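Next come two complexes, and both contain subunit A; in the first it sits with subunit B, in the second with subunit C.
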Partner chain A sequence: MLILLTALVAVSVVSLLIGAGEVGPQRVLGLLLSASDSEAQFIVWELRTPRTLIGIVVGIALGVAGALLQAISRNPLAEPGLLGVSAGAAFAVALALVLGASAATLRISVAQLGALVGCICVLSVARFRGVGNDPVRLVLAGAAFSGLLGSLTSLMLLYDQRAADEIRFWVVGSLAGRRLDDLVAVLPSLLVAAIAVVIMARPLAALALGERAASGLGHHPTLIRWVAVGCVALLVGAATAIAGPIAFVGLVVPFVARAFAGPDIRRTLWFCLPIGPLVVLTADIISRVVVAPSELPLGVLTALCGAPVLIAVVRAKRLPML
Partner chain B sequence: MDYSSLRKGLMGIVVSGLLLGGSLVSGTLASVAHARTLDTAYGDVEVSDAPQRVVTLYEGALDAALAAGVTPVGAVTTRGGDNVAEYVEAHFSGERPEIVGVVREINIEAVLAQQPDLILAAAQLPEPQYRLLSRIAPTVVPHAQPLAPDSWEAEARLYGQALNREAEIEDAISAVDHRISELAAAIDDANAGGTAVLARWMPNGPMVMSKALIATGLLAKVGLEVQDAGLVDEGHPHSDILSLENLSQVDGDWLFLATLNADGQAALDAAKQSAAFTRLDVVKQDQVVPVNGQLWSSANGPLAAQAILDDIENALLP
Partner chain C sequence: MKIMANHSSLTGVATRRSHAVTNHAVPNHAAEHADSVLAPEGYWHIALPRWGYSFLLEKRALAVNMGLLVALLAACLLYLSLGSVPLAPSAVIPAVLGKGDMMTAFMVQELRLPRLIAACFTGAAFALSGILMQTLARNRLATPGIIGIDNGATAFAVASIVGMGVSIAPPAMALAGATTAAVLTFGLAAGSGTQGYRFIVAGIGVGAMFGAVTQLMLARVAIDTANAAYPWTVGSLNARPGGAVQLLGIGLALGIIAALALARSLTLLRFNDATASGLGVRVKARRLQILMLSVVLTAFAVAVAGPVGMVALIGPEIARSLSSARQVPILAATLAGALVMVLADLAGRTLLAPIEIPVGIVTAVVGGPWLLWILMRPQRSRP
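Right, the complex of A and B next:
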């Protein structure tokens, strides 16, 4: 854990030092000695600091959401992006744009509501109870539903070209140009989700023993699941609202966390806290430098790196039953 | 994609039935009227002397037809809109063309319903579509032009030939040239020139538009020093989205900010939410000009050139 936290601090510092522009590590470090370099000052404080902070929050939100989803669906492949959550958020945003909102004034709550509805739809399609025996079914239902929402989104964009222009950001997530205001706007919902996750950690761990055992310990499996789904929607909706859909982070982070923490969901959740930001920030730093002076959208990079991980996970070993 | 090809297939079946009648009619007309031969991208095309019912399937063709004094009976929507571009509206005298699709998705049935005797299409018209359309009426497809500020002139001349109104098109082109030299002199007198960038604002940052567009070409011709910071690859209409960290590369004396929204102000408002944007010198000096992307990044032709020159004049010589 100490190593992970050290790594996170290191990556955050690198995130402040490196960018697509001309202000490199030397000029940033020069700021420590004298604050005369206004260009470097602006880029570090106004551009790189917000996106680093947002990257940390997005990483935590996606990592924790992934761990929750995998726990309640008992499916190591469950991922917010695969479960219609991101597709639901993007769909809701597209709908709002077509109905006349502009990307600048869009309410964060629209994306969160879309995420919640998307998630509920997939879970009900996959039959909420008893999916534990068939991890593939949930992924299939999620893929099918995401595809359906994706085509509906495309349909609306064909109908309304203006929205098509503004939606591009919502189809591929990115941390560039996001403002701290956006982050502040989602903090309340993140706080609610955080409190709920803390309360639910013990019942979730009980649920891992099986429904009967959990009931026997005085918990309500269905209630636990619904609260967890609510948390996932809040977390992913918030992340999607500020950064757009970012694929595979919710899959990879809990997977790595389990490698450190073992099967106990309570320990896994703790480990997601540093690992999520580590993954997101590393990907974001790479996305800044590979095509400078432009930037690659973060969502493209995580999809490029995440897809092989998913395939490797499925192929390499028998999936652990959660 | 599957859906659209399925739809095209179905439409082909429906249309080919209707075509039997259509080709009979146009065949008769062509043999009666005196025919001329045009050199188009798909070979020589015979056109009757006085086309009455013209359908344009490309914004540049609509522009040229109106400049030549012909109001088409059918036209496609502008890119990013659900009607023809706004600048075109002023040139309709009462009658308006029916909308027969969008540039990339032409509704062949709607074209057929207009019973055209001439179809003016874009250089990018795919051959299968050309085959289908040329069975409805003679279809004129210009040779593909390189991306260059005055590519529109050759296209407009071909459309003018097809309409048998070459003189009118030449007049329209020389009117543009005349206007350019007038405006260039006025800007020089007012000492209002300097460097200029045309950009489109996206949520993550700006896309710098190529120096080879008609709009940037006109900016250069009236005496501005148009810059793309070396960001636009040759043959591409615009750059990738520039990192906010490199925003100073679009700084200069003038920044023309385009959006596909009808309201250019919306792009400016969106851009102004970014601290990286508001600290640019060009913003501090209030020399950012919101412009309509329908006109500045997708339109083409002599009327578009005049409308763009209007915008330039209003911005630089208030």
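Right, the complex of A and C next:
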């Protein structure tokens, strides 16, 4: 855990040091050692600091949401991006923009609502005969669902040029050009989700023993599931509202966290806290460097790194049962 | 005897001795001719004794194919008539032949007909490669689009357009991309076999990677080039590179012939490998041939229209629901694919006019719910 936290601090510092433009590591170091360099000051404090903070928050939100979703669907492949939860949020935002909304605060609640609907849709598909028993089939249903929502989103953007201009930079999933205001706006809902997760940790661990055992221990499986779905919606909606749909983070982070923490959901959730930001910030730094001077959308990079993990999980002889 | 003469003319088989066509319903006729064989129920036995050749023709398959062909022709007529300038169907048919009003002839021949041909070819190619791949994987969801082959072809084709230092024509690049994706998917799934859903999710992963590569390349180039390549990423018939359609046409013709030659093996490959090889199919060789055929067809179609998803799912699905379960409905799937594509592009052109919806979005909006429905239905017959 200590190693992970140290790594997180290191990556955050690197995130401040490296980036597009003329302001390289030396100038940033000079600034931090109290030289007066107005340009570097602007870049570091106004652009890179918010970006790093947003990366940390998005990483935590997506990682925890992935772990929650995997716990309640008992499916190691459940991932907000793959299952269409992020696509639901993006679709809701596009719909709101086409219908004439433009306020940034509205965007967050709309995205969370869309994530909730997407989450409920795909999990109710999982309740259908046969689909829920096969983890891999649920992913397929999610892929179909998010593909459908993605097409509907592009259809609306095609129809409404203004919304398209407003949304184009956002719909690919990136941390570039996000302001601290966005972060402040999502903090309350993240706080609510955090409290709910803390309260739910024990019941969730009980749920891992099976539905009957959980009710025997005095918990209400249905209630736990609903609260967890609500949390996932809050977290994914908030992350999507800031950074756009970013796939595979919710798959990779709990996967790595379980490797450290073992099967206990409480420990897994703790380990998600440093690992999520670590993954997102590393991907973000790479996205700034790899095609410099221009940048790569973060969502592209997480897909490139996350897809092999997906394949590795699927290829395992026995899927790890949750 | 009269009925049978009609049958032989219907099938287009020029038999001088019409009594060679026998029907199980009239066994006394068959008995009169010692060289005739009794056809099983639901089939016609067509014999060409002059060449020493005979085959069974399924009645239902013939009816289904004829029905789909008529529907396709009607859809084509509609496609040529509707648009920003509506034309009367009665004026369209002479215009196709180059007669009649100059303006109409120009509109039909220069603007709508090439696009219609591209729609027919790509739809047919997608659906044919879809039914081949589905039969190969024994899973109706295993279409080339879903297991990432479309995305591989697209990534390479976009690379040839945005010019990453390579200047090879899109079809060649698409072929290279499709092959790479197919090798990756089948290679990665090698441990778990090509059946079942794990194989498909591995394919989804491969597809996601190639999709990301496409985005990566689009992010690197100037905005104008990116806009030029955009239709490619969703699938559109608006940006057809010259030469690709002709190549697709040749490939499709050869592909249909090859698929028909493989038809018997395909039918038997629906059973497990042991049964198929017991019935005389060289399973390994046939699988490789079918896979290669499917990959090549997908690549050429993507080179024309980009990754139009779901046609490879919907076309075979329609064909299977119409046909009997005796055979793999290769021709019916091909025709149904062309029909779906023509109707989808027609809807994309006309529904929100003057805005044109790329055909890939139309098929995704229609096909997505369809795919979910297939997934949610309890497992029934296999393809």
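In this section, the second predicted complex is superposed on the first by the 308 of 322 C-alpha atoms of A that agree within 3 Å, B and C clash if a C-alpha of one lies under 4 Å from a C-alpha of the other, contacts with A are read in each partner's own complex, and residues count from 1 in each chain.
By definition in this document, a contact is a pair of C-beta atoms (placed from the backbone, for glycine too) under 8 Å apart; a residue touches a chain by one contact, two chains touch by 3 or more.
The model shown is predicted, which means the values in this text are computed figures rather than measured ones.
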Overlay on subunit A: subunit C relative to subunit B, clash or fit: clash
Subunit C versus subunit B, contacts on subunit A by residue: C
Touched partner set for A:247, first subunit B, second subunit C, both or neither: second
Touching partner for A:297 - first (subunit B), second (subunit C), both, neither: both
Partner chain in contact with A:307 - subunit B first, subunit C second, else both or neither: second
Subunit B versus subunit C as contact partner of A:220, first or second or both or neither: neither
Clash-bearing segment of subunit B relative to subunit C, given 3-11, 57-65 or 273-281: 3-11
Touching both subunit B and subunit C, residues of subunit A: 291, 294-295, 297
Subunit A residues touching subunit C - in the complex, by the definition given at the top: 77, 125, 128-131, 134, 136-137, 139-141, 143-145, 147-148, 150-152, 154-155, 158-159, 172, 247-248, 291, 294-297, 299-301, 303-304, 306-308, 310-311, 314-315, 317
Footprint of subunit A on subunit B - complex, ascending: 79-82, 202-205, 231, 239-246, 248-249, 259-261, 266, 269-270, 273-276, 279
In the complex with subunit A, residue positions of subunit C that touch it: 141, 146, 188-189, 191-192, 196-198, 200-202, 204-206, 208-209, 211-213, 215-216, 219-220, 234, 309, 352, 355, 357-358, 360-361, 364-365, 368-369, 371-372, 375-376, 378-379
Subunit A residues touching subunit B - in the complex, by the definition given at the top: 19-23, 39, 42-43, 46-48, 102-104, 161-162, 164-166, 168-169, 174, 176-177, 179, 288, 291-295, 297
